[in-house]
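There are two complexes below, and they share chain A, which is joined by chain B in the first and by chain C in the second.
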Partner chain A sequence: MLEVKDLRVTYTSKRGPGVTAVRDVSFDIPDNTFVGLVGESGCGKSTLGFALSRLLDPARNEIHGSVVLDGQDLYKLSDEALRKLRWSKLSLVLQGGMNAFNPVLKIKNQFMDVMREHSDMTKAQMLDRISELLKAVNLNPSVMEAYPHELSGGMKQRAAIALALVLQPRLVILDEPTTALDVVVQRSIVTMLSALQRQLGFSVLFVSHDLGLVLEFADRVMVMYAGQIVEDKPADMLIETAEHPYTKALLKCYADPGAETVTLSGIPGSPPDLGAAIQGCPFAPRCANAFADCRSIPPAPVDRGAGRVACHLYRAEEVARS
Partner chain B sequence: MSLDYRDQARTLSNDWVLELNNVGKIYGKKGNVTVAAHKVNFTVEPGKIVALVGESGSGKSTLARLITGVERPTEGSVRFGQWQVDSLSGRDLRLYRRHVQMVFQDPFSSLNPQNTVLYTIVRPLRRHLGMSESQAIDAAKSIMETVRLTPVEHFMHRKPHQLSGGQRQRLVIARAIACEPKLVVADEPVSMLDVSIRADILHLIDEIRHTRNTSFVYITHDMVSARALSDEVIVLYRGHVVEQGAADEVVRHPAHPYTQLLFSSVPRPFRSRGHNSRSVEPSAASRDSSLASQVSTGGCPFAPRCPYVIDDCRSTAPALVGLPSHRHACLNSPNPTHDA
Partner chain C sequence: MRYFLRKIGFLLLTVWVAVTLNFVLPRLMPGNPAQAMMAKFAQQGPVSPSQEKALELMLGLPTGSLWSQYWSYLGNIVHFNFGTSYSYFPESVSNVILTALPWTLILVGIVTILQFVVGTLCGVYAAWNRGKKFDSTASVMLSFTAAFPYFWLALALIYFLAYLAKWFPISGGYSGSLHPAFQWSFIASAVYHSILPAITIFATGIGGSLLGMRNNMINTLGEDYILLAKAEGLKNRVVALRYAARNALLPIVTNFAMSLGLVVGGSLLMETVFAYPGMGYLLSTAVSNQDYPLLQALFLCITVSVLVANFIADLISGLLDPRLRRGATTS
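After this line comes the complex of A and B, so read on.
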């Protein structure tokens, strides 16, 4: 349904070469799938989310590659065609999405703005739809009469998710939707989102820094590092056989609180500067398994069963076998 | 107050104790009050790490403010060594802060963007220890080594915007430990950081505890790090202590339904999906504080969200019961644990 090919985004700058936050990323998202995009701060995951929804200003950023949603290349559409497609086929929930509500409008009016613009529902139909959606996200339909400040952070984020679903889009991109909330609320919202996704059959791209959370809910997980997708696999498979050294190290950071003993582990070093060109594999300086090739040749993604890994360790293995 | 304050500072004995005795804090006026702390009792001894665990609104940060003397309790008392913290002011309060320091959650907003790394660490040394500029600079450099902001020459003239999140938090910790406090209150010190660098910061805290015998009050919502780092865990819900005990005991055998809820909310990728091995999964509605109604009056604060609620819970406030190593406050605990 969504096909992304060789997407590359550079934030240009008057001083210096600019920052290439997304580096030749290709993937696709089929219908009715919950995809997690995981990476640490500064890895380009939010930029990727913005680029997918064509929210970056082409005058200030260099964007290459294609984003095809249901056969339409978003970067070839006219502004008007793109406007029609927003909300109805593709919607977005942001980290601060709960604060994106207009503080002087009731929740229902903000829903109706979207529906009036993008559909020809009558007022009664709109109100029905709003109350149906608020129920779906476990809110009391009376919330529609409230102003945003009357709701807690968790309630606003639920309402933001309901708003994203109002016109039954094919794809909902959520960028760190639960990061500002505490663990208990976070879990209840993601559980709700995952149930809705299965029930209504849309696709989700869930952008998060929290691999532990994403692995529990996503069908497929893409791990991003320094602007590139280094591993892309079904979640079950990733838990059992994570292959990229970065994914493995990241998984180690999640300890089971109920285990016999708990040790905290991290990843030494820090991610590369995306303002500079990267020689070889971006993870090589922090990687315990790095060898000479890693520092000079950028690893291409290698198919591994149902997934892909961009690491020389696995290419070497393939060469050896053939 | 006949002694010079620096002399008095030295008189703090090495067997000091921080003691919270029936501490209560109520915000707001009659009719519209928020109970941020209710009859909280605990002690922190030298070289110990005590974790305060709870979700937002549980009163964790209020306790931090009471311990550091930023706010005063409306009930009970906070004592630290010879100080009655809740009545300190002026010079005494400044003296107290030489011994009790704070690390904040957000390393992006708790540092002055105009100050260099070196100045940030030098300032408390000059202010609290009365060092000369050159003494303070030497001491600051050695503290930078301790928190591994190294090479020192490379970092000392940088400003916060030239540091990564992890480096900033190291600087915040450096500033907090500069004048060798006895106790550091760390309010969610790693929750704004990437998972891959959290462990480094937590290891640093542990190292400081061991090498300098500094105590920490570690405020967090993360059960995993609470268990890994601290000696004792105190679970708070709406200002009430609902469970308290040795870290391993509380986290591995959570007895209070609220602790179990927190426990089951920890992302655990290795747990098979939809299956909860240890704790009981409360119903969806009871999970989310935003869906819970107001606190019941008089009864257990968790009653409106509790899956095991019985009639008594709404009228009788449960007391902390159990062994000193593990106590919890629940009338109808689903699987009471009495591990010694």
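After this line comes the complex of A and C, so read on.
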């Protein structure tokens, strides 16, 4: 349904070469799939999310590659055609949801603004739809009469998810939707989101830095490092056979609370500067398994069963040698 | 409703304080107007006690205790009775003010509103198209004109457009050959005389409105809900006005109401430079002639209208911003 090919985003700057936050990323999102996109802060995951919805300011960014949603390349559409397609096919939930609502309009009016723009519903139909959705996200329908400041952070985020579903989109991009919430609320919201996703059959791109949370709910997980997707696998396969040294290292940062003995370890070093060109594999300086090629040749993604890994360790000849 | 009642209560309290201060302050000053006038007359020759007595009676100097003076003062205010003006003797103060008020209200009032509306709309447009042609020319040019000293611009315009080019009259509110009346010739003359003052007030004020709105709007445009409104595929007009401008306007409403309140005080510089027959001109006449009753009444008018304007600003802000309403009911 969504096909991303060689997407590259550079934040241009008057003073320097600019920061390339997304580096030739390609992936697909099929129908009815919960995809997690994880990576540490500054790896370009939010930029990728915004680039998919063509929300980055063209005056300050250079974007190459294609984003094809249901056969239409979003970067080839006119502004007006894109505006009509927005929200009815592709919707967005922002970080924390705290400021996602206009503070001076009632929740229901913000829902109705979107519905009026993209559908011919009558007012009664719209109100029905709003209360139906608010119930679906476990909110009292009376919330529609509230102003945003009258809701708690968790309620706002639920309302933001309801808003994202109002036109039955094909794909919902969630950018760190639960980061500002405590773990209990966070969990209940993601559980609800995942249930709705299965029930209504839309696809989710869940952008998060929380690998543990994503592994639990996602069908597929993409691991991003320094603007590139280094590993892309079904979630259960990733837990068992993580292959990229970065993913392995990330997994070691989590512990199973039920385990007898727990070993935790961090990843030494820090991610590379995205403002500069990267020679070879971006993870090489921090990688325990790096060899000569890693520092000079950028690794191309290699198919590994149901997934893909961008690492020289899994090149055909390396695998054959071992 | 509670918000409204609270604001009304606060308005009444502040008006009372202003009225009382207006009563107390002149009484703390040494001497009285009759003595001041006597001193002037005394320079021309001796003044007899009976003359002094007559003057005191004419000016209506206070008698009785301070308390009874205060009550009769309050009673007079309720009846708009502010006494007799010294400089426009024997006109009553309220008459003098009523003659000047329409001039100021119409000219300064209309121009202030116009300047705010045009400036704010241009500010919205400039912020929405930030860095484009309109923004870069208008913002730079208007911050330049906004920095002009008002009297300098007014004098320059009078010199070039009125004195040299003779396109506009040099001063006054209407042609000296006419008498105020509801006639076309008079209204046409008044409009003709108001063009140059209007241009000067407009030109010096619009920069502030534009830049203020532009900056607020640019801040608002960075908010998440604007990004989300764009992602929702709402029309640009809706995002710019209903989502961005409406929020950016909130802090500006108070400023605007303040400047509307100050309209009643007239535009002192404008009316002095153009000898325009409004409240500002009256104020400067009253000061230079030590016309206490007129001064006192003018101060009262200005204070009360600023307070009322603030009250209205509070009400409008309450309507525009639900967060304020809630703050008032829970506290």
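We take it that the second predicted complex is superposed on the first by the 309 of 322 C-alpha atoms of A that agree within 3 Å, B and C clash if a C-alpha of one lies under 4 Å from a C-alpha of the other, contacts with A are read in each partner's own complex, and residues count from 1 in each chain.
As a working rule, contacts are C-beta pairs under 8 Å (C-beta built on N, C-alpha and C of every residue); 3 or more make two chains touch, one makes a residue touch a chain.
As the structure is a prediction and not an experimental result, all values here were calculated from the model.
Room for both chain B and chain C is found when the two structures are superposed via chain A, with no clash between them. When chain B and chain C are set side by side, the one touching more residues of chain A is B. Of the two partner chains placed by superposition, only chain B is touched by A:D210; chain C is not. Legend: residue contacts after superposition of the two complexes on their common chain; A:Q168 is shown touching neither chain B nor chain C. Touch criterion met: A:G154 reaches chain B, while chain C stays clear of it. With both structures placed on the common chain, the touch criterion links A:I239 to chain B but leaves chain C unconnected. By the touch criterion defined above, A:S26 lies against neither chain B nor chain C after alignment on the C-alpha atoms of chain A. Once both structures are fitted on chain A, no C-alpha atom of chain B lies closer than 10 Å to one of chain C.
Chain contact summary for the complex, chain A toward chain B: residues 40-41, 138, 151-155, 158, 182-189, 191-192, 209-213, 215-217, 239, 249-251, 253-258, 262-268, 270. Within the complex formed with chain A, the chain C residues making contact are 131, 223-225, 227-235, 238, 242-243, 246-247, 250, 320-323, 326. Per the touch definition, chain A reaches chain C in the complex via residues 53, 55, 59, 82-88, 91-92, 94-95, 98-105, 113-114, 117-118, 147, 149-150.
Per the touch definition, chain B reaches chain A in the complex via residues 55-56, 164-166, 194-200, 202-203, 221-225, 227-229, 251-252, 261-271, 273, 277-278, 284-285, 287-291.
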